[in-house]
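By letter and in written order, the chains are A, B, C, D and E; residue numbering begins at 1 in each of them.
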Amino acid sequence: MSIATLFEIVLAAVVLGLAIWTITVSETYSAAVGFVAYGLLVALIWVRLDAVDVAMTEAAIGGGLGGIVLLGAAARLRESEAMTAERPGRVVRLCAAALSASIAMVLAVAVLILPDPAPTLAPTVISNAGATGLANPVTNVLMAFRAMDTMLEKVVLMLAIVGVWSLASDQAWGGRPGPRHEADPNGVLAFLARLTPPAGIVIGIYLLWTGADHPGGAFQGGAVLASMWLLVIMAGLADTPPVSSRSLRLILVAGPGVFLVVGLGGLCFGPAFLAYPVAFAKPLILGIEVAMTLTIAATLALLLAGAPERSATR
Amino acid sequence: MTEFLTGAVGLILAILALGLVSILRGPGDADRMMAAQLIGTAGIAVLLLLGAVTGVPTAVDVALILALLATFASIAFVKKGLSRLDTDGPG
Amino acid sequence: MPPPAPTLTTTTGSVLLVLSIVVPVAGVLLAFALGDRYCRLVVFTVMPFGIAIAAAILMLLPLSEGHLVYLLGAWPPPLGVALRADGLSAVMLATVAIVICAVAIFAATDFRPTEAKTRAPFAFWILLLAIWGALNTIFVGGDLFTLYVALELLTFAAVPLVSLDGRAETLRSALRYLLFALLGSVLYLSGTALLYGLHGTLDILLLSHRVSVEPGALIAAALMTTGLLAKTALFPLHLWLPPAHAGAPAAASAILSGLVVKGSFFILLRLWFDVMPALPGFAVPQLLAALGAGAIVFESVVALRQERLKLLIAYSTLAQIGYLFLMFPLAFGASGRLESGQALAGGLLQAISHATAKAAMFMAVGSIYGGLGHDRITGLRGVARALPLSVLAFALGGIALMGLQPSGASLAKELLLQKAMSTGQWWWAIVLQAGGIFTAAYVVLVLAHALAPADEPIALISPASRSRDLAALALALCSLSLGLMPWEHYLPLPHGGALKLFDLDALSKFLLPAMGGATLAILLSPWPHPLACSAVWKNLMRVLGPFRRTCLGFGGLVERGDDALRQWPAASISLVVVTLLLAASMFAANS
Amino acid sequence: MSIARDIMTIVGVSAGVFFFLAGTIGLLRFPDTLTRLHALTKADNLGLGLVVLGLLPQAGSVRDGLKLISIWMFALLAGATVSQLIARTARQRGPFT
Amino acid sequence: MSAVTVFGLCAAAAVGVGLYGLITNPQPLRKIIAFNLLGSGVFLLFGIIGRRGAAAGSGNDPVPQALVITGVVVAFSATALAIALTLRLFETAGSMTLRSRAPTGPNSDPSAG
């Protein structure tokens, strides 16, 4: 057994151990902490699998922001834990364990007996990269070859916002999401919230820019920007915008909107919907990505902030 | 060289796991809040070494994200912990 | 050696497929950006375009040999994503356009944005458009992952509709719906992962040429099928549907019950009839239909025991979802494959009839609820006089589902029965008939209560709205006349086998289930019957009394069993069991 | 030249691993939250710094090197402030929670 | 044992663990966490498959990578929506159970008429 394999086994064991701990621990708050740790560590597996784009996404969105939204909810719901429903009985648990194990086994078998050599689209993707002028194959797939999925997924994000907002009470509609954060303006948190965002914004833009040719892109950049915005909000230096704000709405639809317009441009002036003329492919895609980054940053941050709770004037 | 670095990665990972066990066991929230800190240092070290081992230079960019998000997570931990102290009821 | 890949090119006029997705999506974006006040306006602007596109696709399809293909970004699969439409997609597109428009007209007054109330209208209109876009994507999507994204889009649009009024009860059902649907989509996604690992593409057409009987494909099929079953709410994976559909506002219920469950069902059809028709073997179709039969029996009995009208209809939706699955064994041909023939046509027709009729019925019940302030069956006396149009819409929708010619349901039932006889699977013929009788039972039950004269005229909370009733009525009439449409251009129907209309035979085919249904309604509904005071009833009860008590006991037992199955652990365990069963039976069939 | 670089890497990374180990032993052995926090943040940040130092000779370009250093600086900054916040939380709760 | 084998088993196990949690945990929040674990297991599955398809200088087939990125974003939106629902449910109902006790209201055995 090589030392690399040993490392992989350790990594897999740590991640799995965290997963099991997250599921079995009695306190929800601890489970959420465990999940954040799990999400950040899974990124290591993705790096090991040579999928750096996914590693960034998983660290930023899956573990990072996803974990934090769970954590916030766990903190808010902590008091309710005592009165929650009873756990299912031992028979049900055993039954569930056996069945889950068999599903896991079936999946493991299915993965292990996949054919060799494995089918792949990597050569096709790379040989067609010239059509977009971008060197990052993942960005090419996301923005050109499977652009439809990406566009629809932006609409999914927007619908999630609509869904979350629709949970507001009628009085709070149009108001600001989430609780108002108060913090000592001279405290450590405010200090950090003044110091980190400049660096974070540079990193976010860097990720977007480098995404053209290296791992990175709109999702990862947007997630970093979102976390910076939330940091400022949590430190009490800024407030969440009211959801009725027109400019906010425009930012939230900018990404899919620009995508759609460029796609229709391809339909009118080019060969097909979502086709980019070779000469303008790179600027067009970057333009879409810039709009998308803004939209993603705003969307992710607002999804974390939750439903409108306070009227806009306060 | 590669073997040495891989070994170091494995070692730090094992240390990280050990640290996580101790942190997650508790007893208080403050202990659990350290988890993101631990990952923010040891996890980044693993990533940087991994980048050097596998020749994936962009692993450094992942480390960058990890550093930012781990900080953010820590702050969220603390903030949520504090907010529960300040207010008695939920929300 | 796999057969050569089919050539893939964009066909003329197929840009309509793009538009069918882009127009609603653009509407969503526009409505969101313009804000609360203009949402409704945007919807009514988009509507005519949507209908025109669906109609154009319907007209274009026969001219282009029944297939439209559009390569997005001009990238051919497997690299790119293709949109494809066949007859099935075209008729579904048209159905959705019609139902959405009827619902929009129905909801126009309920969800009028006013100064005091903008939240619910804002969400409703955007989500309505989103559902339209998602369904259209599902019908024309040619790639399993695009279908996944569309399915998620559908779920994300449907869940907030459930909890639009913000009551704790509806929030709870929305959350349950969301969690179970997510479980389903993860299973579906794991199946697509395996398929990609096996064949390096997720394009439906390419996969259909590459998929062969191999363990990985069988496992993928089992996982994906179960995921879709969970989203379609096939018994016993139905825990989320009754509270979600019964708690939503009437317009939303119509959409959820009529259209949303058909989305995942349609993907299931794509999966089994297009991607892997050779995989299931004999056992899987039988298993699916057995679950369907379970749904028909269990949920119909439970439906007849409901006191609230909306819940009754929600449960009967479950029974009718089960009915849709009866086509699988009937489509299983002698060649050992699922054949896109008469059975598929029958199943799809049933889905369309159900979509239109159920939406109409939910809308009618919504009007009744709005008028009376409640929807208890026992309090329906005299409502036929107070709200004649609503009751008429309900009755017509119900009669269409019961299978009075020329309704779509009657044609569908005829097709499926013929197929059951020709393939010698008489047991499914029995289930088909039972399904018809159960449908008749609940329609008759409701009508008996609604048509009973009231002791005193009932006071309506709010006056009946003409436009709302007309929308429901139009949809019901649409369902009732579906049998007259020229289906042979779109669905694989046997030529020359068109049904004779309005003969004596057809009438008896309608009346017999109706009588059976009336009997069942008397035997299984525990609520005081409107005729309970009359002498006839007393005489009847003298004969039937002990028998009815037994039946009621049985019904109570079934309801308790159903209640147990609808608990979360039980339902999720059944989900895993169904997955394993499907996989095992496929392995058994193909080993 | 390359041997010198490798030696520097080996020394740096080994020292880094040592400090990580020390920090974790502190985590396991120290009795209360504040001392554990102290062990974690100080030792681990030092360990990370040493690892970065060790990796610097392996960096392909000046830009990569600068990136490495900036990551460490960032981790230091974050660690210093965040640990103070955590400590404050721990103290507010009282020593026993 | 290669990376694909080790992480393939890990992915399958994560799916199993997540599934178990989703079935047995009564609290919605725990179900959401379990769903995320389950999802990340499935995404890893894609990663394994992409890793097997490494070719042409790309260490991991870019198509599954792109699918996973899309999937991660969708899963995150789902998480956010589910959590917003949970919080709102808690605010309105004050209880956190998903058990539906007879959505009809009074549904006890009515006397036969």
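The criterion applied here is as follows: a residue touches a chain if its C-beta (ideal position, glycine included) is under 8 Å from a C-beta of that chain, and two chains touch if they have at least 3 such contacts.
Remember, predicted model here, so these are calculated numbers, not experimental data.
S.K.: Starting from the defined contact criterion, work out which chains touch subunit A and subunit D both, please.
M.R.: Common neighbours, subunit A/subunit D: B.
S.K.: Which chain has the mean of its C-alpha atoms lying nearest to the mean of all protein C-alpha atoms shown?
M.R.: Of all chains shown, the one whose C-alpha centre lies nearest the global C-alpha mean is E.
S.K.: Tell me, please, which two chains come out on top when C-beta pairs in contact are counted per chain pair.
M.R.: Counting C-beta pairs in contact per chain pair, the top pair is A-E.
S.K.: From subunit C, which chain is the farthest off, judged by mean CA positions?
M.R.: Relative to subunit C, the chain whose C-alpha centre sits farthest away is D.
S.K.: So which chain is the furthest away from subunit E, centre to centre on CA atoms?
M.R.: With centres defined by C-alpha atoms, farthest from subunit E sits D.
S.K.: Report the inter-chain centroid distance for subunit D and subunit E in whole angstrom, where each centroid is the mean of the CA atoms.
M.R.: 34
S.K.: How many angstrom lie between the CA centroids of subunit A and subunit B, rounded to a whole number?
M.R.: Those two chain centres are 18 Å apart.
S.K.: Indicate the whole-number Å distance between the mean C-alpha point of subunit B and the mean C-alpha point of subunit C.
M.R.: Chain centroid spacing, subunit B to subunit C, equals 48 Å.
S.K.: Quick one: report the Å distance separating subunit C from subunit D, using the average Cα coordinate of each chain.
M.R.: Subunit C and subunit D have C-alpha centres separated by 58 Å.
S.K.: Which residue numbers or ranges of subunit B touch two or more of the other chains?
M.R.: 16, 29, 33, 56, 64, 68, 70-71, 75, 77-78, 81, 90-91
S.K.: Could you tell me which residues belong to subunit D and also touch two or more other chains?
M.R.: 74, 78, 82, 85, 88
S.K.: So which bits of subunit C are touching at least two other chains?
M.R.: 145, 149, 152, 156, 159-160, 163, 166, 171, 190, 194, 196-197, 200, 569, 572-573, 576
S.K.: Under the touch definition given earlier, write down the residues of subunit A that touch subunit D in their complex.
M.R.: 188-189, 191-192, 195-196, 199
S.K.: In their shared complex, at which residues does subunit E touch subunit A?
M.R.: 1-3, 5-21, 23-27, 29-30, 32-34, 36-37, 40, 43-45, 47-63, 65-70, 72-81, 83-88, 90, 94-99
S.K.: Which residues, counting only subunit A, touch subunit C once they are in their complex?
M.R.: Residues in contact with subunit C: 88, 92, 95-96, 99-100, 102-103, 106-107, 109-111, 113-115, 118-121, 124-125, 128, 144-149, 151-153, 155-156, 158-160, 162-163, 165-170, 173-174, 244, 246, 249-250, 252-253, 256-257, 260, 263-264, 266-267, 271-276.
S.K.: Given the complex with subunit B, which residues does subunit D contribute to the contact?
M.R.: So the residues of subunit D in touch with subunit B come to 6, 9-10, 13-14, 16-17, 20-21, 23-24, 27-28, 33, 36-37, 40-41, 44-45, 47-48, 51-52, 55, 58, 60, 64, 67-68, 71, 74-75, 78-79, 82-83, 85-90, 92-93, 97.
S.K.: Which residues, counting only subunit B, touch subunit A once they are in their complex?
M.R.: By the definition above, subunit B touches subunit A via 3, 6-7, 9-10, 13-14, 16-17, 20, 24, 26, 29, 32-33, 35-36, 39, 43, 46-47, 50-51, 53-54, 56, 58-59, 61-62, 64-66, 68-73, 75-81, 83-84, 89-91.
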